[in-house]
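Structures incoming, each one as structure tokens.
Each of the next two complexes has subunit A plus one other chain: subunit B in the first, subunit C in the second.
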Partner chain A sequence: MFRGIIDLKSLWAIGAIFFILLILPPILPRFYTYILALIFVTSLLAMSLNLVLGHGMIFQFHHGVFYGVGAYTVALMLAKTSLPIWVGFVAGPVAAAVVGLLIGWFCVRLTRLYFGMLQISLGSLIWAIVFRWYSFTGGDDGIHGIPMPPFISSLNSAYYFILIVLVICMIALYLILKSPFGSTLEAIRDNPQRCEAVGVNVRRHQLMAIVIATFFAGIAGVLFVVLERSVFPDLLFWVLSLEICIMCLLGGWFTFAGPMLGAAIMVALRTFVGIFTEYWTLILGVILILLIFFLPEGVMGYFLEIFKPQAKEGAERRGE
Partner chain B sequence: MEIDLAALASQLVVGISRAMILFIVCAGLSFVLGVLRVPNIAHGSLYMIGAFSAYSIAMRLFGGSSAGFWLALILAPLVVALVSLVTERVLFCHLYEREHLMLLLFTFALMLIFGDLVKIIWGAEYRSVSAPDLLRGSVSMFGASIPRYNLFLLIIGPLVAIGLWLFTNKTKMGKISRAAAVDREMVGLIGINVSWVFAAAFVIGCCLAGLGGSLVAPTVSVTLGMDHTIIIEAFLIVTIGGLGNMWGALVGSLIFGVTHSFGVLLWPQFAIVFPYAAVVIVLLLRPRGLLKSVW
Partner chain C sequence: MLQVEAVDKSFGDFMAVCQANLRVENGELVAVIGPNGAGKTTLFNLITGHLWPDSGKIIFKGEDISGLPPYQICKKGIARSFQIVNIFPRLTVFGNVQVAVLSQQRRSSDLFPPAQNLATEETNAILKSVGLSAKATNIAGSLSHGDQKILEMAIALGNEPELLILDEPTAGMSPEETAATLGLIKNLAGTQGLTILFCEHDMDVVFSIAQSIMVMHQGRTLIQAKPEEVRENREVQEAYLGGE
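Up next is the complex of A and B:
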């Protein structure tokens, strides 16, 4: 339950990391720049999920749908209409949030596992439509070669664009979690009955959290299109959604930056293990099982426990 | 729109017979869900392992003879049962006290591992299993020709349903597992080894997945990726039926199979959308499923 106040030391660390990421692209080979940018996109996706999963304990099992809706919206607008680029960039997250509102509105009536199952079924309906509607979404081929405006057409400029958007989104997510709304969400996670009793509208808060999370997932979808210039129905498939859950778990789902670390580990694993063997999912599965057995709090949670014993104590005191 | 009656009848039979395979798989998933309270994502992988084992037994060991098919129908579920027993005793049984989400992700990890193991053992090619002589060809009914194998499935499905009903209601083992689903602490308190009840329930559920896999093998091409398709369908069916309810799984499977086959008739391109839409409609009317969930 780490929600430490930003101290000077971590601010320095974050600043240093940001500076290193800023000067990296001209030095690194193209391939690594691309991998880093992909990690940024995936990080934003994982962090948006963790807003509801880790901080709200809402079983959002089909988060990938909103990522896909965001990506498809911007891809279709850029490929099929001549509207200005920013309209597409705004429409992607908004469409994701609208779909999030619709699906969430049905799902928040249920709790836990039922919530997750209903969301998987509603999400699969959207996937099935996208997968089959050849004339509109390109069906299982997807859409490729989406035109990009010149200011983000090269890999390096796309990298900087993604990095800047990621930083803005991270600050926004952090502020949301620090706000009264974020605290209420965590209170609902820890004790929904008591929250209901003191007059918190639990369902409305959960729905709002879902809409916010899906909005950020939509932004991640837009960034994916900026980087890849293509979309395909696998973005909405449930396997990806569960992979995002794994990223949160892997990094540490009770920490703020944990999902980011999880996303980085997943993308790096897939890329570099994928070079050596085609059986990378086998290795991922084994790592995941080891993790569930030995590091249930995730990599980030583990390190926090080692390096910051006072943070853990604080959490325990708060938990009482 | 004019619909050919013969085509309608044959699609109906095909839809219901497909529903029978779905039912066998979903009944297993639902049983595990009811007793262990774990949505087993690896269930689809066990179905796939069942289908591939049926291929190995029927086509490799027995060269596609009729006897091979019947033997595969018995042995393939046992292979799956062995795999699930080992998994449960070595890994899964240490995790029951954990958070639901952890268990779900654990079964997802199993799915990833099983998927690649199948790829290593059987390769990525398409495999096919031939039906025995008795079940080849088709018979003419209502002016439509209906494959004999589908009629065979129509007999097997209800047999499995009756068998499962007898097991859960008439045997001691079944009664204990139902009791463990409702209140596991109480079952433990009266001196029953809950850990082994869970193991047995898990193995029986997975065995049904294997049976479904070996039954489906002659009707489709056995290939990687069949785990992804079946598990999402099974999840939806179990949800609309009511978590853990066997009859719910039957009703859900029938809805799913029949809407899909009518979808094929009405609008082939979007046939896949029909069952999903049916699921959504059911869930909007009854968010907790059609029949009562066991917990």
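Up next is the complex of A and C:
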């Protein structure tokens, strides 16, 4: 299944990281376990955006909406209905994908920045509805104390649940990216006009990418509810969407795992700098400026660039 | 196979193409010539759906294709290369052609299995036929201009077209590259029996390989005939070949 798309060395590295993450919760203080879990959720969110942003060059500027829709859907179903839990867990991503389809259907008619502007407008509309509809969504109070079944009710079990879902989603995203669909999406990123000339229905392809990305954003939303047991309108606010875009840029939006690194940096900054000052975005701003000047390909892009030439030289030496 | 009948296209007040007529028969190698700005590229853009004609008909295999989007026209069997290099610069040479082959096989939307192992035979065969096999793993953006123009053609071949449209296939090439490209075009038309429509500035090239030549001048079709007749035609001589 993975023949030719992943090498043994990376597989070992990934396995080692996964193993460390598995044994951490009993050792770590509660707070750090929580932060790690939050990083996992945010990573999935950032990676779902990067499928369309970095690999499709589709300016999905309001990705937070789909995260919020996923979270609110599962929250409402768990708090207000007695349906089995898995129905909510499935409904979250599906609802996000449906909203993604609706908004995307309008947006793919436009390109680049115009796409982004229209999406911010339509997304803000959904935010406004959630923010104002007190009787249904709880308005700006949100919904709190959402009941969770026993198997994910403790922090550690929630951590493991989130980690496993994240790993499954990463594998799925990786396969999608390496599939004919993914390589065609990257071709569209490089040259939409030429893609159309070789018989690709560019708009339909982009719309499909958006639906997939929003589906995964919905999964991230569900995981957020599992971790926090509450939802609030900020999840759909454009500020969060901007942060997700920054995560992708920060980590390296032309790499697969870059957004994950970006998410980890952002969550860590907000948490640990946020303790000292509420103006943590000031630090973020400085980091962003440095990044644009010194690491235009993002942190992950930079490291891949460092390691690549060495690997090549090594191969050449062995070849001789 | 392809008939263009009285097609008009204007941009604002400027008539880029005006009453253009063109016939391409099955298996023919047809050239369109004309001075810069005569409307050759516009005509090709009209045929491949990148532009819509204001009036007139474009009939391919008995079906009016004017107004269809480019991807549908491509699916009907018309593939093209572009005058200005138009490739996927971040993908490998192999990846560039593979996109077209996957599209031809209607697998572009498949989520499974990995693309890397798909359509490799077809893609490698095309790369071999145009002589780019050795550079298959290179990033397309790093190729020389001549190789990028060849890759242009290779991408178009990935669609297994019945009609191949080449917009100035040798533009910007060195004499050696031009000769090699001509050999390639002849080979495609001869041994593979492909119908080819191309436009070209180099008159030696045109008169040496084309079976039928259409001359455009200020958007109009002056004549379409065999090379000898075109050479004899007075109107063409005045408009284009420099008269006396």
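In this section, the second predicted complex is superposed on the first by the 304 of 320 C-alpha atoms of A that agree within 3 Å, B and C clash if a C-alpha of one lies under 4 Å from a C-alpha of the other, contacts with A are read in each partner's own complex, and residues count from 1 in each chain.
Assume contacts are C-beta pairs under 8 Å (C-beta built on N, C-alpha and C of every residue); 3 or more make two chains touch, one makes a residue touch a chain.
Computed from a predicted model, the values in this text were never measured in an experiment.
S.K.: Looking at the overlay, what does A:M117 touch: subunit B (first), subunit C (second), both, or neither?
M.R.: First partner only.
S.K.: Touching A:V90, do we find subunit B (first), subunit C (second), both, or neither?
M.R.: After superposing on A, A:V90 lies clear of both subunit B and subunit C.
S.K.: Of the partners subunit B and subunit C, which touch A:I176 in the superposed model: first, second, both, neither?
M.R.: second
S.K.: Contact-wise, after the overlay, does A:M208 reach subunit B, subunit C, both or neither (first, second, both, neither)?
M.R.: In the superposed model, A:M208 contacts subunit C only, not subunit B.
S.K.: Is it subunit B or subunit C that touches the larger share of residues in subunit A?
M.R.: Counting contacted residues of subunit A, the larger count belongs to B.
S.K.: Where does A:L101 make contact in the superposed view: on subunit B (first), on subunit C (second), on both, or on neither?
M.R.: Touch status of A:L101: no partner.
S.K.: Would you check which partner chain A:F131 touches, where first means subunit B only, second means subunit C only, and both and neither mean what they say?
M.R.: first
S.K.: Given the touch rule stated above, what does A:L295 touch, subunit B (first), subunit C (second), both, or neither?
M.R.: Neither subunit B nor subunit C is touched by A:L295.
S.K.: Please identify the positions on subunit A that touch both subunit B and subunit C, taking each partner from its own complex.
M.R.: The overlap between the subunit B and subunit C interfaces on subunit A is empty, containing no residue.
S.K.: Within the complex, which stretch of subunit A touches subunit B?
M.R.: 59, 106, 109-110, 112-114, 117-118, 120-122, 124-125, 128-129, 131-134, 237-239, 242, 245-246, 249, 278-279, 281-282, 284-286, 288-289, 292-293, 296
S.K.: Where on subunit A is subunit C touching in the complex?
M.R.: Result: residues 1-5, 175-176, 178-184, 186-187, 189-191, 193-202, 205, 208 of subunit A touch subunit C.
S.K.: For subunit C, which residues count as touching subunit A in their complex?
M.R.: Contacts found on subunit C: 48, 50, 69-71, 74-75, 79-80, 82, 86-91, 95-96, 98-100, 102-104, 107-118, 155-156, 158-159.
S.K.: If you look only at subunit B, which of its residues touch subunit A in the complex?
M.R.: My answer: residues 39, 41, 91, 94-95, 98, 100-102, 105-106, 108-113, 115-117, 119-120, 228, 232, 235-236, 238-240, 243, 269-270, 272-273, 276-277, 279-280, 283-284, 287-288.
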